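Once you've had a glance at the structure underneath, I'll fire off some questions.
For reference, chains read A, B, C, D and E in written order, and residue numbers begin at 1 within each chain.
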Amino acid sequence: MFTPIALEAKNLVKYFPTGHQGLLGRPTKELKAVDGVSFVLRQGETLGIVGESGCGKSTLARLITRLLDATSGEVILDGKDITSIKGRELRAVRQKLQMIFQDPYSSLNPRHSVGQIISGPLEVQGIIPDGGVKKRVQEMMELVGLNPEHYNRYPHEFSGGQRQRIGIARSLILNPSIIIADEPVSALDVSIQAQILNLLEKLQQELGLSFVFIAHDLSVVRHIADQVAVMYLGKIVEMGPSADVYASALHPYTTALLSAVPVPNPKMRGASGRIRLEGDVPSPVDPPSGCRFRTRCWKATDLCALEEPALADAGGGHLVACHHPMEASERAGKPHSDR
Amino acid sequence: MGTAMSLDEDLITTSQQVSVESKSPRELAIARFQRDRLAKWALFVIVFYLVVAIFAPLICSLLGISPYALDGKALNDFGLPKGSFGGISGAHWLGVEPGTGRDILARLIYGARISMLVGFLATLVTTAIGIIVGVVSGYKRGMVDAVIGRITDLTLAFPSLLLMIALTRPIIQRLESFGIPEGNTSRIVYIILILGVFGWVYVARIVRGQTLSLREREFVEAARASGAGTWRIVFKELMPNLWAPVIVTVTLAIPGYVATESTLSFLGLGMLPPTASWGAMLGDSVRYYRADPTYLFIPGIALIVLVLAFNVVGDAVRDALDPKGDRQNIA
Amino acid sequence: MFLFVVRRLFFAVLLLLAVSVVTYLLFSALPVDPAALTCGKNCKPDIIAANRIRLGYDKSIVEQYWLFLKGIFVGRDYGMGQAAFSCPAPSFGYSFAQHECVTTLIGRTFPVTAYLSIGAFIMWMIIGVGSGAIAALNKGKWQDRLANAFTAVGVSLPTFYVGLLVLFSVVIWLGILPFPDYVSPLEDPIKFLNAMILPWLTLAILSAASYTRLTRNGMLEAMNEDFVRLGVAKGLSRSVVLRKYVMRAAMVPIVTIAGLDFASLLGGAIITESVFSLPGMGKLAIRSVVESDLPVLVGTTLVSAVFIVLANVIVDIMYGVLDPRVRVK
Amino acid sequence: MSSQKPVLIVENLSVSFATPDGIVHAVNDLSFVLHEGETLGIVGESGSGKSVTAASLMRLNNSVTATSTGRVVVAGVDVLSASEADVRRLRGSEIAMVFQDPMSALNPYYTVGYQIAEAYEVHHPEASKAQVNAKVLEMMTKVGIPNPAQRADEYPHQFSGGMRQRIVIAIALVNDPKILIADEPTTALDVTVQAQILDLMLALQVENGMAILLITHDLGVIAEVARDVLVMYAGRVVEKADVEDLFEIPTHPYSWGLLGAVASLEVSSRGHLRTIEGTPPSLLNLPSGCAFHPRCSFASENGSRCTTETPLLVQKGPKHSFSACHLPVERIVEIGQKVGN
Amino acid sequence: GGYDNTINILTNGEQIAHLDPQRNYTGDDLAFAGSTIQRSLTTYKFQAGDAGSEITGDLATDTGTSSNGGKVWAFTLKDGLKYEDGSVITCADVAYGVSRSFATDVITDGPSYAMTYLDVKGEYPGPYKATAAQQAAYDKAVTCDGNTITFNLKSTVADFNYTTTLLTFSPVPKAKDTGEKYDMHPISSGPYKIESYEVGKALVLVRNDQWDIATDTERKAYADKIVYHFGLEESAMDERLIADSGQDKTAVTAGILPESLKTVFEGDKALAKRAVNYYDPFVGYTNLNVKNLSCLDVRKAIYLALDREALRKAGGGSYTGDFADGFIKPLMKIDYKKPTQLAGLNEDGSPNVEAAKAAMAAAETKCPEVAAHAKDGLKFYYPDTEIWKKALAIWIDSMGKAGIKIKPEAVGDPAQYWPTVMNPETDYDIVRGGWAPDWANASTVIPELFTTGGGFNLTRNASDPDYKTFETKVNDARNTLDRTAQGVKWQELNQFVVDRLWALPGTFTRMQSMWGSKIENSFQWGPFGAFCYGNLKVQLEKK
């Protein structure tokens, strides 16, 4: 654990005002999209964030990249809180901190050529690289596995995987040190997903990048992440080294999540010990008191309703926020033992 | 899993691009447009009208006609054109204007200048304001959007035609006192101004709607993430995506404004004599539906042809620009 | 929902106040002196001065506006002695050109405009939605092109031209109908219909256009929706799917726009009323412009603003009624 | 293979679309049989023709632009050539469908109860109001919607994605169809909800004995649910096998790639995932011969055959696996065994 | 079939300018109100042709008696005169009515003859504001003695009994006077009364059963009902009369649009029989702003260059009138003599460009500033209608040929035209004009149009060196008691103005009217140039 810290989030909170009521139509409620998230991203490592739809993953990504302003909390980059910087300073930070988006279709401006798209950040930052913009863009294209001759083509002429490569090239052109990837492969076909994951890993190794990698697919995260954080309703419920979390999940939610993933092995069909969660994720407008997962948790007790469990280290940097973490014995029937 | 790993290498082959040679959106749009024969004709009509308008003096002098020359000899004792079909003759191909004997063809050609000028300029002004306001309010949302929204409501709440008429004189006077040349110049400026004041709202609404959906697209966020400011996003990222809806509005707006000019002319707020405009011709001609029906139809048909041409072109352009236009249909 | 309506109404009232201020200011800035206009041909400066006082134009614009506003709620008196008269609340002022309280004038002309608007509305909805549906169901075929051409011409030709063409062709060339001569429907419904059918038709031709477009595009869009496919997959017949699924979805934007169009018609179909000699509010308004009859001008402008603003509120509420997704918020 | 009686027979189905850019051959020469109570899975990448196939089975494709050939026989009726009235009688009663996106599959303007009732009434015009209501509540209860009496009067947008998909399933099953086509029924849902929905479908299948045609791109889902599997690539079936066989000894290079590319929870090591390089072909301009050959690393083993000759679907595996590949059986089994579980 | 015993009057106007008798001052409206709902002391005979210009007693038993050299006029009211409510029409009511015309702040637009002629001492602001003393002063000027009303005038007015045909001298019962609003519902003293009046829609007159035909020698009241239809589309009106169906068979309309003239008069014979084309009392002319155009040569150049023939064609051709030779129409008989015309002016109305250029050349040396002004551009105020647009085009074209420029100044709304140009602050060079005498005496023309005190002087000629001479001559003519001698003086004054060209003579207009096939008695009433509305008759179906 001597790797230096690339980025640190401290107690990040984002509430969205919602619900119009009252004569003047002032919003009266708050949607707690991200509610006190802290993590540390170390240099050259990948932090995977998983969680179901609406749990606040994208909001977290937008908070870190300053696409949204945090309600409270800090994002520390190079020892400095960047949550309230503005103008030139912010623009400088943006060189270091880039983002890859989920949808390779909507994240590329259909009216811009590939060259324009990839060089966009250079233009915005007012950087003219040695050898000219075009050369640099073409280098980037080669790096991500695109044919540099396609410089003048338009996004619709590319397949989903290639488009995602364009997006990646755009995020790399400023030589960032940290990349926040918000579900970069969710929209892609399986065969293409693998190409992109491989590419990201290759880039990380070659360029020494640090990644925050967001996904709802646990298998994908497992593949790429060093550390994993599991989110539920705006909070991190479990976080730790990837291997630990997957092998011995402590939070009931993590366990359920893992067991819900269909296994591509018909022989495992109907395996016992599968945990099926009831119902849906509650509304983030008025989340359950105490532990937010308690409404769907089979282990919940009265305590869970009264007291919110803190995210505490259960050993080896494996953090969990649960009053009744899973025991080793409970995981016995876990379906994912090696075959 | 060792076997799998070795196989991994087997499977990786560098395969070349297999996508068909495809065109840029622009080329694609042009190709789509060119497939539409009707649209090409319509475009030809518009260009023809434009050329005629621009080169009106040249064309008229080539044809040896003038929009101002009175020809009392072509009129009978009642001031109506002599001969049948509104006095159509070798000298006056489309007949003469009742009352003055001026050549209708020449007036139609010159009238196209004013009508198209008003149509195009008014459209330019309304779309320019509309686009900017629409994009800004759609993109900025919040306070800006709310304020613009209230202004929109306010503008829409007024009966525009009534105000247009009521304000003609005072505003023209004001304009002239600002040094805008008296006469038709100040009238054209007024018409464009007032159409602009009331017309931007419609464009702005459409553009705002489009912008609202565009800004949800991730490429806008991507631009922000790379540090782009509002202006860059509005002009570089959003604007290029707004052309399709805007072009359609424009093609409907131009003939619409030509019609408005004629309504104002009908209400006695048109161009000053002896200037010809289609509006004045329409307003004048309806009175001769019995005495000189030929005259009644000539400016009307000229306008209808233009309107249809714009419409066909507008639709074709929209279809051509719509990336999924051709694939959208079931039932 | 209740709060929503209250809030919308509250904003509507604010908006109307703003409209009234702007209208008042705008028209006070007109280079006409109402006092001089009411003073007649053999006018002398002292008469103008007297009239100015009698009409309240001697006061500051703010005070005038205040009196005007007050008049709406408590009525207003003019002049004194035997020549005095008063306009009871709600008073929008007094028209010297027509020797009537503006409210009376509006009250008298409004029904005509209302009949005109309602009839035209029904007609253009039938024509517009009908031709839009035909166009959508025959996308790309001649029916579609025809509907398209029809709408284009409708949108772009000036009202007076279409109106007069309709009038002349139906009445003079074809001789199908007598000349329209407005009679109240309460008096003689047949004559009333005779007088209204052509103006209805004119407005319908002009306005149906945008509805044809809206319906066509709305339906085509709806046809691509998954839920329409599910409707078909349920085994529903084509007509049921079209009606309950496609039309229903296409109707929402149509109804809302129709509400606004209807409201602006209520403010006076100026040209149509003039062409067909209908004694409606539009004609009243245009006349007040011609005669610089400021009180009537302000009054009609405000009344038509009231309709538009109200229609906006109603449309918002309708939106909720029509679209359950909006309703619950 | 199932010995039960066939409920759906598809023979040489081809579907093409006339687009301004040319003819899109979305489905080519597809044949399969679906038996009573059976679950047939179709996997394939985006654009491989899965949804078009599903739509063809109910004749939902646009009649103007789509041309379908072949035969689709349901309850003795050839769906592709029957009259509209005949097809309508089948839709919803014999053969029903669950769509991919529960967010857009329900009509936003009607209550969910109404939409279920409507589906029932079309095929039961004689049913009384009370019967219909009872049926609605029964179905909602069946698909696991708590508090059905109250929720029947709510609108789709008031339901979560999972709940909506349950409603869609209720609509599909209200007439006890013999065939249920589920076109990516869980793709839009979260894993925990996906698990709920899959469980529900299987439970209902057991109860009703219907046949399910499950379309997905998720091999995990296939592995959990399907009995037989069709693997589609570029509008063609490239492999047809029993699910266990497929995972054990896949017999087509594309299947190999697919299985290999799946990031698995179990792979503890990080590092390279196997990939299928290149991108799926354009259906407007399919590669000659085997459509997969430009992405296939084994194509060279067959000389120029792969680029000139379209392989037929023949039995290739040791078991009942059918594959459309020019590689010799031994080579296929050799590689298939390495790739399989 | 399809028609009743109802006269339908069609107009595109929105209302009758004034029904308040003291405010009514338009030929057509005077003919209408005076023949239907209001009676004055005297009236023109309800007859066609010259007979129509003769006056007779109306409320008064005769045409009045003058004394004191025409300074005192007395009229005796007939017996049995009643208002529509049955109350008796008294002398006091007439006196009160006349007094109303002094209240010019409320009673606007009416003729001001009562104010000019009556010998009221001191200020009299009309009955609404008058103090007791002021009222007493009025009551001295207008006195009642039983049924006899006596007017004391400031000076001799030889034809005061013509003045009393104006409805200014119509009675108004004080108790019923609603001031400003009286205009909408005046109490009837004639054979008809107002049933309803909606501006922009219709005025409906029905029989007034309190009116006694025995008291009235002129009014016949044939029709049961008279409906005035307002706000009709202009061209539609002509079409309705041409079509002549249903109710329109008993319709009349004043004025035919130029574009319909050919159809009406040269189309169908039967149609031509239902129309009339006659000289009305109007003279159309063009005012020149003498203050700006202070140079006679420039004015001559304008007149010579003007294509009057083209102008007339634009307005409908020769049917619409003859080229005027001055400002007094031959109809005026005794006051008319053809003036000698400007040298070089073409009789046929065509322009004389050469002469115009010569005049301009002369102006260049004599009055270069004015000539320069004319070249720079003369402001021509015109009402923005299609016909006037064409007229302006002709003006621009004709003047251009003589090197004179016209700057068109459109007054958008025709209704605003007069208020705009009458405004002393409006800086025009040229404005149109048109005037008809109040009665057959040029004293209601020349002084009105060309003296500074005139009600319709748009020539701004006070600065002209000849003006003083002119004014003296006018006063002389006015004070000439002998009508023939007076007539000669008006003839000379007409020549004087024609020579000075303060205004350019235009046309002696003719008026065209049409009526439905079932209308009788549709003669044009000379003094008003209008139908004698009250005596229009419906030709009822023979049963």
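Methods note: a residue touches a chain if its C-beta (ideal position, glycine included) is under 8 Å from a C-beta of that chain, and two chains touch if they have at least 3 such contacts.
As the structure is a computational prediction, the values presented were derived from the model and not from experiment.
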Minimum number of chain-to-chain contact steps, chain B to chain E: 1
Of C-D and A-D, whichever chain pair has more C-beta contact pairs: A-D
Distance from the mean Cα position of chain E to that of chain D, given in whole angstrom: 91
Distance between chain centroids, defined by C-alpha means - chain C, chain E (Å): 39
Chain centre separation in whole Å, for chain C relative to chain B (CA means): 25
Cα-centroid distance, chain A relative to chain C, in whole angstrom: 54
Residues of chain B engaged with two or more neighbouring chains: 19, 165, 169, 267, 283, 286, 289-290, 329-331
Sites on chain E at which at least two other chains make contact: 235, 239, 413-414
Residues of chain D whose C-beta touches two or more other chains: 60, 257, 260, 267, 272, 274-277, 279
Sites on chain D touched by chain A in the complex: 45-46, 160-163, 190-196, 198-199, 217-224, 243-244, 247, 257-268, 270-277, 279-280, 341
Chain B contact footprint on chain E (complex, rising order): 234-235, 239, 257-263, 266, 307, 309-310, 312-319, 383-387, 389-390, 392-394, 396-397, 407-408, 410, 412-414
Chain B-facing residues of chain A, complex: 62, 65, 67, 90-91, 94-95, 98-99, 101-103, 106-113, 120-121, 124-125, 147, 152-154, 156-159, 167, 170, 174
Partner chain B, residues of chain C touching it in the complex: 15-16, 18-19, 22-23, 26-27, 29-31, 137, 139, 148-149, 151-153, 155-161, 164-165, 168, 172, 220, 223-224, 228-229, 238, 241, 246, 260, 264, 267-268, 270-271, 285-286, 289, 297, 300-301, 304-305, 308-309, 312
Residue ranges of chain C in contact with chain D within the complex: 225-227, 229-238, 244-245, 248-249, 322-325, 327-328
